[in-house]
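Structure, as structure tokens:
Labels for the chains are A, B, C, D and E, by order of writing; each one numbers its residues from 1.
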Amino acid sequence: MQGLELKLKERLQKLLDDGTVDCVIGWTKGEFIYDVTPAIFTKESGLDGFVYNSFCGANLSKYLVSQITSDKKFAVILKPCDTYSMNQLITEHRVNRENIYIIGVGCSGHIDIDKVKAQGVSGITNVIDNDNNIIINSIYGDSKIEKASVLLSKCQSCKGSELKISDEIIGEGIKTPTCDERFDGVKKLEAMTAEERFAFWKSELSKCIRCNACRNICPACTCRTCVFDNARSNVAAKANATEFEEKMFHIIRAFHVAGRCTDCGECSRVCPQSIPLHLLNRKFIKDINEFYGDYQAGEESNQRNPLVNFTESDIEATVISDKEGK
Amino acid sequence: MLKIGVFVCWCGSNIAATVDVKQVVEAVKLQQGVVFATDYQYMCSEAGQLIMRNAIEEYKLDGVVICSCSPRMHEATFRKNAERAGLNPFMVEIANIREHCSWIHKDVEEGTIKAIALANAAIAKVKLNAPLISGESGVTKRALVIGGGIAGIQTALDIAEAGFQVDIVEKSPTIGGNMAKLDKTFPTLDCSACILTPKMVDAAANPNIELLTYSEVEKVSGFVGNFKATIRKKARYINTDLCTGCGDCMSKCPSKKGKNEFNCGLNNRPAIYIPFAQAIPNVAVIDPVQCIKITKDKCGLCQTVCSAKAIDYKQQDEIIEREYGAIVAATGYKPIKLDKFDEYGYSQSKDVITSLELERLMNAAGPTGGKLVKPSDGSHPHTITFIQCVGSRDISGRGKCYCSKICCMYTAKHAMLIRDKYPDVNVNVFYIDVRTPGKNYDEFYRRAVEEYNVNYIKGQVGKVYESDGHLVLQASDLLNNEQILVNSDMVVLATAIEADESAKKVASMLTASIDTNNFLTEAHAKLRPVESPTAGIFLSGVCQGPKDIPETVSQASACAAKVIGLLSKAKLVTNPCVAHSDELLCNGCSNCANVCPYGAIGYETKLINDHGIRENRRVAVVNPALCQGCGACTVACPSGAMDLFGFSNSQIMAEVEAICKK
Amino acid sequence: MKKDMELANEVIRISGANPIRCMKCGKCSASCPSFNEMEYAPHKFVDMVVHGRIEELMESKSIFHCLSCFACVERCPRGVEPAKIVEAIRVVKQRQIGENYLDANDIPAIVDEQIPQQALVSAFRKFKK
Amino acid sequence: MQEVKDFKPTIVAFCCNWCSYAGADLAGSSRLSYPADVKIIRVPCSGRVNPMFILKAFERGADGVIICGCHPGDCHYSTGNYYTRRRLALLYSMLDYMGIERGRTRVEWVSAAEGVKFSTVMNKFVEDIRALGECVKLGDIRCKD
Amino acid sequence: MKKLALSNLNSLYNAINDKMKLYLPIENNGAVNFGEYSDGANVNLNKMTIKSAKDAFFPQCEDLSNFKKEGKHIIVEQGELVSENFVIFGVRACDVRAFHILDTVFLEGYLDTFYEARRKHGIVISLSCNKPEESCFCSNFGIDPAEPKGDVESYITDGYMYFNPVTQKGAEFMAQFDSLFENSDDKAVKELQVKIGDIVGKLPLSNLPLNEFGGDKLDALFNRPEWQGLSESCIGCGTCTYVCPTCQCYDVKDYKTNTGVKRFRCWDSCMRKDFTMMAHGTNRPSHLQRFRQRFMHKLVYHPANHNGEFSCVGCGRCVAKCPVSMNIVKVMKTLGGNK
């Protein structure tokens, strides 16, 4: 990992020096090894503090949306799964491809610090990633954990090591061995009774504090003004005053990204209350695949979103309304 | 605060019998903003309308709600009335308390409660209405007729006669359609060619008509008065300006094994051909699949013999874009395929033919020069048997559920012609019913029976098989309650007709609706039979449903009258209930443009001032002239930037809220 | 009369056919190979069911002359399925005289090589209804 | 059982102007009754129905929401109802996934000529909603008082 | 000092719950938050709650008034004030301090009656932090996690929970449940406090450059170029605001019901685009301005208005929960030149 960081840094410096790009969207180091922050480096600031390690899980493509009107050129570091979002953003004209230089990085999975903490480790001062396992130093002592168990959820159902779009590739990646079939979680819920499903979501969504982290981190949620922030939309709300508002926000958010969501998993990663929000998006993805044929948003740019598409023989909505069973 | 007036109509007893209108008036008076409410026996009457106008003036109303019949009935009436009183017509909303309430409910209490809820929803909506101004759009003074059969020709001639330009687009190399193939026509037995070809010539000669033969419409966009069509002129490999129609090429062409379409494939034609002697335009066409020069780059004989130098093997398809004010569908019909009717032996025996094939066999310009012979061996037939309703009135899935309408009459015609020309030939007709509504039709049929001794047998044929060189028909004779075996030399099948295969494609291009049989739907079965529900699209001939020639011609002329009415207008009033985009909210993501069926949404990069932040943004821009107000874009838009005048998000949500109040 | 119609409805129910769709074209009778053996031809059959004349049909030998070849079912342009109606009447008749179901296990003993396959199939249909 | 009988559900029906609203008009002029619980909102096309309208209706206390449009292929705007079909199939599946009763939402295609179908569809839908009872899983508690 | 065996805690909860509402950390699907106690609730006193204890006195949503329409008349009903005692149990030292910061906002000057009523009736039972996390930095603000204050202080050690009333209110509360407790000396507690002190000394974020901030630092900090880079990282969600124990901004909203209008307030966040939106628009249109507002408020404006007291208590929630790990510590270190 350190080798990769050096390679990246060297290459980025060159890109800044030779004027290929004016800025770099990468990560800067934090107070601990795990709290790296996405940051924009400029020619002037240099690459001081640049870091690339096992905790660089965030999807940087979102950071380009606010730069669409900028006349600067940006280098951005994208992991294979992030490139889907990039394609989707290009499709929707939410980024200016001409001003973007994509450095694809090989990836072998990133670590979720919350999962490490959930294993009872606290007071963490350092983490050493040894591919199969990680060693954690903390003020309460050292410990060793199997890496697969603390990978980000999105890595546990990795989409593969192929970069869907890039201008150059640095480092080699491997598809993280999936320990989760992508739709297992959805299937588990589908197998429940309606009452159980209702109870599940009621309990999960009751935790929502409406912080909007899921929305703001989402590379598909790029509305300049979200309907939930627009006082004239009739659905605006700053807090979940009732159970209904909890559902309304999450159903509509998932619906608005349906067919556009690349399943990057950022929503669940950032939720401070650990609500498994990806299970909503994945339900839409699974239904879209089943109803209209397999579709992966961001597989390539300029695909047609299945929600703004149709065939004459699509299944009828009554099939859902009349479905037998639980 | 808006001042709303509510007018509750009794509609005589239609509404008042199940809805307590007085109670509705009292209830709506409690709504915020309602400053006036009243009821009247017939709001749509002049007296009722006067009440409305007076109230608008006296109470300075900003919005009006009429609780009455369906808006599809009188919305236009009340809007006009509001305009007369100086109120913007789009500040009127209708609560449908007749069709959706009084007529379907019996209990007065229930009906009244529902009427109040519907009134409240309309009040909630009208409060959010905005005055809208109808735009105007021009009318392109040119019509497009798709199909060059008798229907298309007649419509085009009538439109041209009124002084408007018309283009006929015909997919085959000549106009004339099915009628050109017919020998004689019922009920007067005049020669089809004799009455059709003058019309074809007229069409070709009329300066207002342009014939685009061997061409197909590929794409239509736009809207009433302003259509834009993309037409593909298929390569003929002939320079039509030079070709004199001499026919030298045809005789020299070595590739003579093409099926002669005009003669229903009963004989062959060369690769370069003129469809028939009276074809319009009378120029040759090369079948590129059959031509040796084009397929193998050998031969080239026709080019050498052509004194006019009209042959061009390198000719390419040509794409033409034209603008039209109105479009007429006249796509016609074809006989159904008989592959599901094996019992008649159509594919086994050459002597089993369809009625259209018989027309060609009897026609002087046909493959036999008008001599009726058995196709199998060219010998003279002694008995000919007709079978009716082959594939018509069939709901088993093999045929068509409808009556093809023309078969009874043409079979009588055929029977008579045969008996007239060859008195020695016996003619049998197996029929289910003989249907002859029409002027002089039944008389015509009776002549076949009474004067020409045609043997009509009520019953159907179970199977046809060959035996000892002739055909045997096993059939039922219902009147005698017998199963009979009939020997016959030829069998003629009155094959059902169906909409031409192009109808479906044309309908979807024109966004005109079609029924389950692929016939185009009329706007109203009785009152608007020649218009499609889609504005600016008209229907001529069999594309709307089976018709005989007289009926087709009268419908074609009726259709022309409608087109002329439209093209005569200087301006069309456009619907102001169109989509519009809020530039501050728009993300420029193109979702809306993806679902727009009219291509009405474009994108522009504009300088936007978003609360003091100025930046160039890609934003959606709706062309109000193209937008038809369906609202699909509003739902595709995740940010809510796209909204629809007249049916805005907030208006619909206000209605929802009002309805859900208990 | 009422009883007649009840019986007719029973026949219609068992057959699953819809005789009212018949447009009296005679296609069934034209196609029928046993027409000449039958007192009531298929088209007549259909009409009699529509008018509730079931008892006459049950008394007629015609119902056992039908070969169940299904030519009429195949050819009928209205989807009336006359053979199924004949079959239904046979079933009603069988039930009335109290015949038992035919057990498939009994078949080998009575199978004659000469018996047409059609008849066997028909027999199963008859007794398994 | 008594309760079910007395239960007066609130049902919102969105009908497209060209087919289903006209179908409802035809049901009316043919005097084909259906329960007064159904209240119709006219929209230009079923494709105008935003999922937010459906949720809004439930928020406000609706017990059932039905969307009616032209038959696929017959849309006045040629393609609107195809999008409706996709959007609503997915939305309904999601509501089901969240444990909301499937029967509360429905899409039906009713042409302008199908007055009988309109009435049949509405009678059936109301019957289904009555069987399901009051909607307690969706709906904003603040709208209940 | 009183003590109670940990195994008997449930009986204490139930006894309190019989008399008054009891709020304490409850685990639900892996997330620990303060919630209302009911028998069988999954109480978890070991983990730091995700949201702070702020909800007890300043809930995320609170009804203010109700407007009912009857015909064309409008009837106004005032929202109800809390009138019964309740207990908030297991509050950490940082959150206890945060209550005092909220007091300065809601009770000094303009009096917020809704907050006042809750504060008057709420009994705070604090709990020491036995295992501070690496993200904790309360000691910077003079908070001692080993001495959590509140109305009653409590400690968990040796299989017992120790209780020490701090205020009169606390003592009265303890007296109500005296029968459940046994008397104890403070030996075990003192030992625990020493242990905690050791850990606090080792915490990595214990030396923040506080001197660079304060009520007089407006000019020095407002136009610093570093805001640009810092704000670029921030995605503008409200996580930090909503988990923060001291963020006190709220918005007043109207909700149209079927019979009228309910007016309520809910937490707002200066990260939101429509924060302090007015008729003319917003006065912080850029993301940088909104980002800066939050930290300037905590580190400059609040001290300027409230005797130099920072409105951060170092609870570390924002450090742990920010989706992109941008937080007040990084801001302070960047601007304080310590990085």
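Going forward, contacts are C-beta pairs under 8 Å (C-beta built on N, C-alpha and C of every residue); 3 or more make two chains touch, one makes a residue touch a chain.
These figures come from a predicted structure and were not determined experimentally.
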Set of chains adjacent to chain D and to chain E: A, B
Topological distance between chain B and chain C, in contact steps: 1
Farthest chain (mean CA position) relative to chain C: E
Chain at the geometric heart of the assembly (C-alpha centres): D
Selected interface, B-E versus B-D, where C-beta contact pairs are more numerous: B-D
Chain centre separation in whole Å, for chain D relative to chain C (CA means): 46
Cα-centroid distance, chain A relative to chain C, in whole angstrom: 68
For chain C paired with chain E, centre-to-centre distance based on mean C-alpha positions, whole Å: 85
Centre-to-centre distance between chain D and chain A (centres being mean Cα positions), rounded to whole Å: 36
Residue list for chain A, restricted to those that touch at least two other chains: 225, 227, 234, 241, 307-309
Residue numbers of chain B (touch at least two other chains): 595, 610, 636, 649, 653, 657, 660-662
Chain pairs that touch, as defined at the top of this document: A-B, A-D, A-E, B-C, B-D, B-E, D-E
Sites on chain A touched by chain D in the complex: 186, 189-190, 194-202, 227, 234-235, 241-245, 247-248, 251-252, 254-255, 258, 280, 283-284, 287-288, 291-292, 306-312, 314-323
Complex contact set, residues of chain C against chain B: 21, 23-32, 35-36, 41, 43-44, 71, 75-79
Chain A residues touching chain B - in the complex, by the definition given at the top: 69, 91-94, 222-227, 230, 232-234, 256-257, 304-305, 307-309
Residues of chain B defined as touching chain D within the complex: 70-73, 96, 98-101, 103-107, 110-111, 113-114, 117-118, 121, 508, 511, 513-514, 521, 533-534, 577, 595, 597, 628-632, 634-636, 644, 647, 649, 652-653, 655-657, 659-662
In the complex, chain D residues that touch chain B: 10, 12, 17-18, 21-22, 24-25, 27-29, 31-34, 36, 39-45, 47-53, 56-57, 60-62, 70, 73-74, 76-80, 83, 87, 119, 143
